[in-house]
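After this come two complexes, each holding chain A, first together with chain B and then together with chain C.
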Partner chain A sequence: MKKQTEARVITFTSEAEMPMMPASMASTLYNKTGSWRYMRPLYVNKTPPCNAACPAGEDIVMYLQLTAQGRYAEAWETIVRENPFPGVCGRVCPHPCESECNREHLGGAIAIHCQERFLADYAAAHDLGLPMPDVPQRGEHVAVVGAGPAGLSCAYHLRRMGYQVTVFDAGDKPGGMMRLIPEYRLPKEVLEREIAAIVATGVEVKTGVRLGVDVSLDDLKDYAAVFLAVGQSRSRRLGVPGEEATGVLPGIDFLARVARGQRVGLGEKVAVIGGGNTAMDAARTARRLGADVTIFYRRSRAEMPAIDEEVNEALDEGVRIEFLRAPVAVLTENGHVRGLRLTEMELGAPDESGRRRPLPVAGSEYEVACDTVIPALGQVADLSFLDAEVKSERGRIITDEKAATTRPPIFAGGDVATGFGTVTAAVGSGKRAALAIDCFLRGVERTFPDLAQNVQAAPRPHDAAVVRFEDLNTAYFEEEPRPRQEQRPAAERVTTFEEVNLGYGEDAALAEAQRCFSCGTCNECDNCLIFCPDVAVLRGPSDDEPFVFNYDYCKGCGICVSECPRHAISFEEEVKFAET
Partner chain B sequence: MKKVVTGNYAVSWGARLARAQVIAAYPITPQTSIIEKLATFCADGEMEARFIKVESEHSAMAACIGASAAGARAFTATSGQGLLLMHEVVHWAAGARLPIVMGVVNRAIGPGWNIWTDQNDTLSQRDTGWLQFYCETNQEVLDTTIQAVKIAETVFLPAMVVLDAFLLSHTSEPVDIPDQAEVDAFLPPYRPELKLDLDDPRAFGALVLPSDYMEMRYKIQKAMERAVGVAEAVDHEWGERFGRSWGLVERYRLDDAEIALVTSGTVTGTSRVVVDELRDKGLKIGLLKVRMFRPFPHEKVRQALAGIEKVAVIDRNISFGDSGVFAQEVRAALYRADKRPPVFDFVTGLGGRDIVPATIREIVDYTVAHDAPVEEFTWIGVKK
Partner chain C sequence: MRKPKTYARNYEIPEEELTYSGSVSCPGCGATLAMRYALKALGPKTMVVIPACCWSIIAGPFPYSSLTVPIFHTAFETAGAVSSGIRAALDILGKEDITVMAWAGDGGTFDIGIQALSAAVERNEDFIYVCYDNEAYMNTGIQRSSATPWMAWTTTTPVKHPKDEPKKDIMAIMAAHYIPYTATATIAYPDDMIAKFRKAKSIHGAKFIHVLSPCPPGWKSEASDSIKLSRLAVQSKVFPLYEIEHGEKVTINVWPKDGGVPVSEYLRLQGRFRHLSDENIAAIQAEVDRNWERLVAKAKGSVYTELV
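== the complex of A and B ==
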C-alpha cells in the first residue's frame, strides 16, 4: 500500500511505450483529492414531518420503511417501542402526522393510520406479544392512577425500564375513555388485546378504586413515585334552564351505557349539542339505535374540533348538523324533555383559542321538538382529590415539561394535566412521565421538550430539523395517488355497530409504505454510492451505518447531497472541522 | 430465424445479439424505435443490459464512455441533431479508444427542420476517429451492427452503423436473425486493455503535453489503418459462419464497365435496378457501393475504378463551398492511381427528396453526354 501512495513520473521515449488511451500508467491513490474539499458531506438523518407531528412520538418513517420491505413484525415492534396502542391509534387517532406528510404534494399524504392499523392487526393475527427489553428489574414501585391511555402508557414504559407498577382505576375495567369509543370505530377486542398485552408485561391493575374516595393521595406516599392520569371524567354542563329534566343525557354517560351494553331509550328525535368527537360519536351511536339525529353546533364547520372524516361519516349516515345554533333552554313537559329553544349565532372577533367567538343573534330564538338531548360540550376533570400542595389551574393539574406536579414525587399527565383530548396525546404524555420518573428515581438530569412536542423512548440518532417538501429531490418521485380505504356502505352502517373502516390488506399496505418518501431518513437507495464520481462513498460497517465517506478522496462536490432523494446527507463547511 | 423487421429493429436485434451491456440513449426521430425496442428487451429480461435514461445525446455518449471505460460493451443510437449535440463526446470516445458502437439514422440537419434522410449528419463526424459503415438493406444493418462491435473492439475505436431515415429505419424487410449461440461463437466478450479499476485507480483522459500528444494521435491513425484489414477479415469470417458477407466496397457489374456509379446507402438498391436496365440496352455501366467510409478503403476504390472511363458519384450530402463529400473522397483516392478517370459528382436527394430510377437515369445521361465535368459538381433535381 505504501508504494501505491507515492507519485511516479514516467518519461516516454517512443510511442510504443505509451498507453493506447490517455490514462496514467501508475495508481493515482497517492493523490488524496480530499485535500481539495471545502465542503464536507455527512450522513445525518433529519426529522420527518410525520415523526415530528406524532403526539405519541412514533418512529413512523422507520416502520413505513420496514413495512415496505415486508418486515411487518419488526415494523410493529418499532411502533410499540413508543406506543403500545397501535390498534387503537390506527383507528381513532386524528393523525396529525398525515396533515404534515410531504407526500401530500405528489398524490396525497401517506395513509399512515391505515399502516398503523394494518401492523396492529398483523400482530393480533400472529399473536405477537409486546417485546420487553432485557433490563435489570428495579426495586422502586410506582403508582399510576387512571388506567386510560396515559396511565397505561406510563405503566408500560416504566415496566420496560424495569420498575414495578400498580395502576389504580375507578372503573370496573381498565381503558378509561377508550372504552367509550363506539364499536364501529374501535372494536372492543382490539382494545382488550392491547390492554391485555400491557398487563402481560407485569403491570398490576387494581380496578374499582377511586382516588379521593377509596384511596387518598397520602395513602400512596409509600410508592417511589405517583403518576396521576385520571383524565377528564365530568361532562361540561349546558348551563340552560331545564337541564335537569329526564331525557338530558350527557354524551359520555350515553356512550358509557351503550358501551356497557345497557339499553338506552332515546325516543324518536335526538338533539346533540356540540361539535367535537364526542358529539359525533353520540350522534352516530344514536343513529345506530334508530333515532333521527340533529347536531346543533354554535360555530361553523370550519371551527368544528371533530375529526373531518368523522363529520363526513356522520353526514353520510344521515345525521343532520345545524351550524351557528346554541340552546337557550331545554323545553320540558312533566319533567321530561319535549324540545329545545335555540338561538341563531354569528361569529364575532377571535377568542383566546383563535377561533371566532360565537355571539347570539338578537330575536332569532326558535323551538324544535325532540325526545332526548345529548350535551357533548367537552369534559372537565374532577380534581376533588387534590390537596393544597398539588396545584391546579383552570381545571388542570399544573406540570412542568417533565410531567412533575408542584409536589414531587407526584407526576401528572394525560387530559387531567394537558387537556389535549386524544388517545395519542395521552399515550405520549404517559410515556413522557415514565421517562421523567425514571430520571427522577435515578437522579439523572435530562431535559425534555415542551409539552407541545413529543418524546421518544427509543430515539434513533437524528437531527431535529424537520424535512420540508422543498428539501427533497423530487426528480426521484412520481405523483402516485393515495389509495382509498374500504368502508362499509352508509346504509348498512346505520343498522350495525360493525366497524365502518375496513383498513388495508397486505398488498395495499405494502404499496402504500413504498410510496413513502422516507423524508430525511436513509433507506439505502444507493444513490450516493452510484453517483459519487470519486468512489468516495463506501458501504458502511453495519445496518446502523449503511454508508461511510472516504474523506481521503471526497472532493466535496456535493453530488451525493443533491442526488439524495430524501435529504439524509448534510453539507457543512470544512472549516468547521478544522483542528484548532 | 427469419423475421420481418424495420431497419431500426435490425439495429436493436444487432445490439441484442452482440450482448451490449450498457445502453444509454435519448430519443430522436427517426431513431427512437431502436432504443424503444432495446428498452423493451431490457425490461422483458431478454437482454442482460443496463438501460440508462439520460437527458440528452451528449449525456448518452458520456454514459457510454463511462461504461466502456469500466469495461462494459456500450451501445447507443441517435440521429441528425442528436448526433450534432453529441459531437464533443463523439471525439472523446475515439480519443479514449473506447469501442462504443452507435446506430445512426441519417437525418437532415435543420433549419429547415427536416426529419428525412440526408448524410450530412454523419459526414460532419468524418474526422472524429469513428469507424463508419453505410448500409443498403436491413439485413446488412443487422449484420453490420454485430460486425462493428468486433471490429471496434479489435482496434479499440468506436463505430457508427449508418442507415437511411425511413427508407431503412421504418421500412420492413425479411431479415435473418442469427442464433445467439452462433453470434456468441463469432463475438467473444469485450476484453479491454485498460479499464477503470477501483482497486488500481488511474487518471483517465488527463492532460497530455505537447511532448506526447502527437503520439496519441499517431496511434489512432495506425488503428484506423489497421481497421481496413480487420474489417475485411471480420466480414470474411461472418460470411463463413452465416453465409453472407458485404465487403468494404461492393463491385456490381463493374468488370467490363466504362461508366461506374459510386453509391452509398439505399441509393445503391435503386441504382442496381437502373444499371441492370441500361446494361440490357447495351450501356457498359456498373456500380461501386462504398460500405465502409471510415477508414476510407482507398486501395479498394482505386482497384475497383481502375480502367473505368468515367466515374459518377451520387452524393446525398453537400460540403458547402466544395462538393459532395463522397466525391471528395473518391477523387482523393484516385489521385494516386496510374490512370485517373474523370469524376462527375451529383448532389441530389437532400432532405429526403426521393432518388428514383429517373433521377439516376438523368445522372447517367449527363455522364454519357460529357467527356469531363464542366463544373465541380452538378445539382440534380433543383427547382431552378
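== the complex of A and C ==
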C-alpha cells in the first residue's frame, strides 16, 4: 500500500469485493480522531517578562533569538523598530528588563543590555542605517520641542509613519541630557551616530530656539500637533546659606562644561551632594580630573536612586560616600567655598515616595573642608513658557495615557511630563506620543495602557499574559552562568575618560543569546512536533507560522502543551464543551 | 515543505513519518509514540509483527492500517515464532535488507510469549523484538502482568490486595541468552531511542529492546503527563536507560541529572500508586537504589572481549 496523504473510506458492497485475507487497503486517516478532543492546543506566543518590563517597549526576546542564530542585522532592526537608541540604552539604561528575567533562577539574568550594546556596535561597524517602512508621506507637519531622547524618539516614530517633523531645541546640539552622560559611560561618538541616524530619516532639527523666549506656544499653532519634551533642566537648589559663593557648581552645569571640553578648576577636595545619577557622574568625573571626592547623601544606600552598578563603580574608583549626611551651610571665605557644615540624619516614617524620610539628628553638626561643592539634588522643569490652558502639577505637565495635555493638539512626554528620569522611559514616552498623535490626526480611536506600561510601535501577535518561571518546562534547561562583561580596571579608569565597560564580543553575545529561554516565544525547538503521538503537528507554511495543528486528528492529549519548554502553546476547552 | 530551523532543537530525529494519524489509541498513548520513533529509525524497509495487545487495535480495524509498512497480526503468544518464520521467508526471497520487528506488549512478552521469544533469540534469529511495556494487560482492561510493578493497582490487584510481587527483570533474562544486543528505551528520550533502534538494525542476530510506555488510562495518569512520566522514570532510576552487548557489556546511556530525583516524584503522578504508604514508597526507593547500584557496578565492571 502506497503512503497515503488523504482520508479514504473503503466500502464493500458485496463479499466478492473483499480480499481473500484481511489485508489493509487504506490508512487510518479515514478516522477523524479530532472529534474526541475536548481540549484544543493553540500556538499562542505570550509576553516574556523582559519585554513587559522594558520602558522603551523593545521586543527583547525576538532580538535575542535572532542574535542566537547569528542574524545580527535583523536583531538590530528589531530593536530600532521600537527604540532608535540601542547604543545609548545598551550602555546607560538601568535595565529593569534584567531584574524581571526568568533566567535569574538558573544561573543569572540574561545580560540584555550587553546584547543591545553588541548589536548597536555591530550596526555601527557595518554602517547600517535606520530602515524606514515604505509608507505614503503625509501632509501634516508636527512640531517637537526638546531634542532629548523623548523628542527625538517621537520625531523618529512620526517620520516612520510618514509625518513631517521639525524639532526645536534651546541648546546648540540635539541630545538633551544624554549629552551630559560622561564619556566613560557613553562615548560621544555612540550618541552622535544614533542622533545622526534619526536626523537622516528626514527630521528637521532647529537648535538655538528656546520656547518661551524665541518662540511662543501660539507661534506653533500652524503645526498639526505639538509635542513638548523639554525635560527637567534646572538644578534643584541646596537651599542653605552660602550657596551663591564661587566654587558652588551645580552637577549638570559641571558635567555640561566638561562635556563641551571646557577646563573646570575644582581644587583639591570636592564635595558632591546627592544620591542620583548626576551625583555619581559628577563625582566620578571629578575623580578623573584629579580631585579627592566625597559624596554626601541624606538617606542610606538602600534609598539611593542611582543605578546600583554605578554606585559600585564610583566606590571602586575611590569615591567616598557618606550616608545620612545633609549640608546645613556652605562655609565661605572671601566669597569662595572653604568647606561645608553638615548634620547627621536619621530615617523616620516613610514619605509620599515610599522611602523613609530623613530627619536631622539634633546637635550632630560638624564641618568639613573642601574647595568645590557640587549640588546634585536632581532637576526640575522650567515651565515658564506654558500658558494657562496647558496645566501642570508639581512641576510636571499633566498628560493622560495618550500623552495629551489639557490643550490638544499639544502633547507632552519625557521627564517634563512623567518624571521617570531615564533615557529608555523617555524613548517610550516619545513613541507613545507619536502613536497617539497619529491616531489624533487620523481621527482613529485607540486605547493606550497606563503610563507605567510600555507601548510597541510594531507589535508581533502575542498574548499579554506574562510568562513566569513556573510556566516553563525546566527539564529542557540547564543551570548556566551569565558571562562576565570585561571592565577597565579601576586604577586605570581614574586616569582616563575612556569607556569603563567593554561590552561583549561576538562569542559571548552569541552564547548569551542562546542561554535565553525565549519565554513565551516559539523558537522552533520542534518539541511539539516530536512528541505528538498522533502526528497531529505539522510543519507550517512560513516563519510566521512554523507549525500547524492538524485538528482533524489531534486528540487533545496536551503532551505538546506540557513539553513546550517555553509556554508558547495554550490549551483551551473546545467550544462544544464550554459552558454557554 | 519549509526547511526547519535547527538552532533551538533539542533532538535531531528523522523527518519522515511512517505512522498515520487517526489511530484509535487513547490520547497521550506512550506506545503509539514509541512506534512512531521506532519506524523513523528503521525506515520503510521494515515488516512489523504484532501479537494480541493494544497495538493490535491501534494499528487500525480491517481494512485500514495506521502504519505505512506491512504488519502481520498474530496470536498472543507467537511473536517470536512468527517473526522467525517471516525472517526465513524474506531470506529465501533474498530480501535480507528488510528488517523484521516484533512489537509486543508486556503481557505478550514477559508472560505468555516468553517461550516463543526465548526460543527465537536462542536461535539468534535476525530480528528486533520490541516489548512496549505499559506494565499490565491494558487492552483487555488493566489486568496485572509479571511486568506490573510491586504495589501497583490493577483491576486484578485491587487497592485492598495490590500486587505483592516485584517486576520481572526481563533485561536480565534476555541478557542471559547472550544475544548481540539488549537495550532499554523510552519516549522522553527520542534521540536515545532512535539511536538504539538504528544500532539494533545494524547488528545481525537477535536484538531485544524494552520500551517503557506510559499508559494514561492504565496508570491513571494525565494524558499530558506521558512524556514527563517517561522522563521521571529515568531520572528517578526506576527505569534506567542502558544497553547490554552480547549479554555482558553494560553501558548506561543516560545518567540522571544532578544525581536524580526521588521515586515519589514519579509515583505521585499516577493514580495506580495513590494508595501507597510512606513505608511502601521508602521500600520502593530502597529497591530502586539497590538496582541502580547493581547496574552501575555492572557497567563499571563489565569486561568484554570481542568474540571471533
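Keep in mind that, in the parts below, the second predicted complex is superposed on the first by the 549 of 580 C-alpha atoms of A that agree within 3 Å, B and C clash if a C-alpha of one lies under 4 Å from a C-alpha of the other, contacts with A are read in each partner's own complex, and residues count from 1 in each chain.
Methods note: a residue touches a chain if its C-beta (ideal position, glycine included) is under 8 Å from a C-beta of that chain, and two chains touch if they have at least 3 such contacts.
Keep in mind it's a predicted model, so treat the numbers as computed, not measured.
More chain A residues lie in contact with C than with the other chain of the pair chain B and chain C. Contact with chain C, but none with chain B, is seen for A:Asn550 once the two complexes are overlaid on the shared chain. In the superposed model, A:Gly176 lies in contact with neither chain B nor chain C. Within the superposed three-chain model, A:Val561 lies in touch with chain C and out of touch with chain B [touch as defined at top]. Shared-chain residue A:Phe531: touches chain C; no touch with chain B.
When both complexes are overlaid on chain A, the residue A:Asn523 reaches chain C alone and has no touch with chain B. In the overlay built on the shared chain, the residue A:Gln69 is in contact with chain C alone; chain B does not reach it.
In the superposition on chain A, contact is made by A:Glu15 with chain B only, not with chain C. Residue contacts after overlaying the shared chain place A:Pro96 against neither chain B nor chain C.
By the touch criterion stated above, A:Ser27 is placed in contact with chain B and with chain C alike. Across the two superposed structures, the residue set of chain A contacted by chain B and also by chain C is 19, 22-29, 31, 535. Residues 1-2, 4-5, 7-11, 13, 17, 19-30, 32-33, 36, 60, 62-66, 68, 71, 187, 190, 216, 222-228, 231 of chain C are the ones that touch chain A when the two sit in their complex. Residues of chain A touching chain C in their complex: 1, 3-4, 7, 10, 19, 22-33, 36-37, 65, 68-69, 475-476, 514, 518, 523-527, 530-536, 539-543, 546, 550, 552-553, 555-559, 561-563, 565.
Within the complex formed with chain B, the chain A residues making contact are 12, 14-15, 18-29, 31, 535. Remark: chain B residues 95-98, 156, 193-194, 198, 200-206, 208, 211-212, 215-216, 218-219 touch chain A in the complex.
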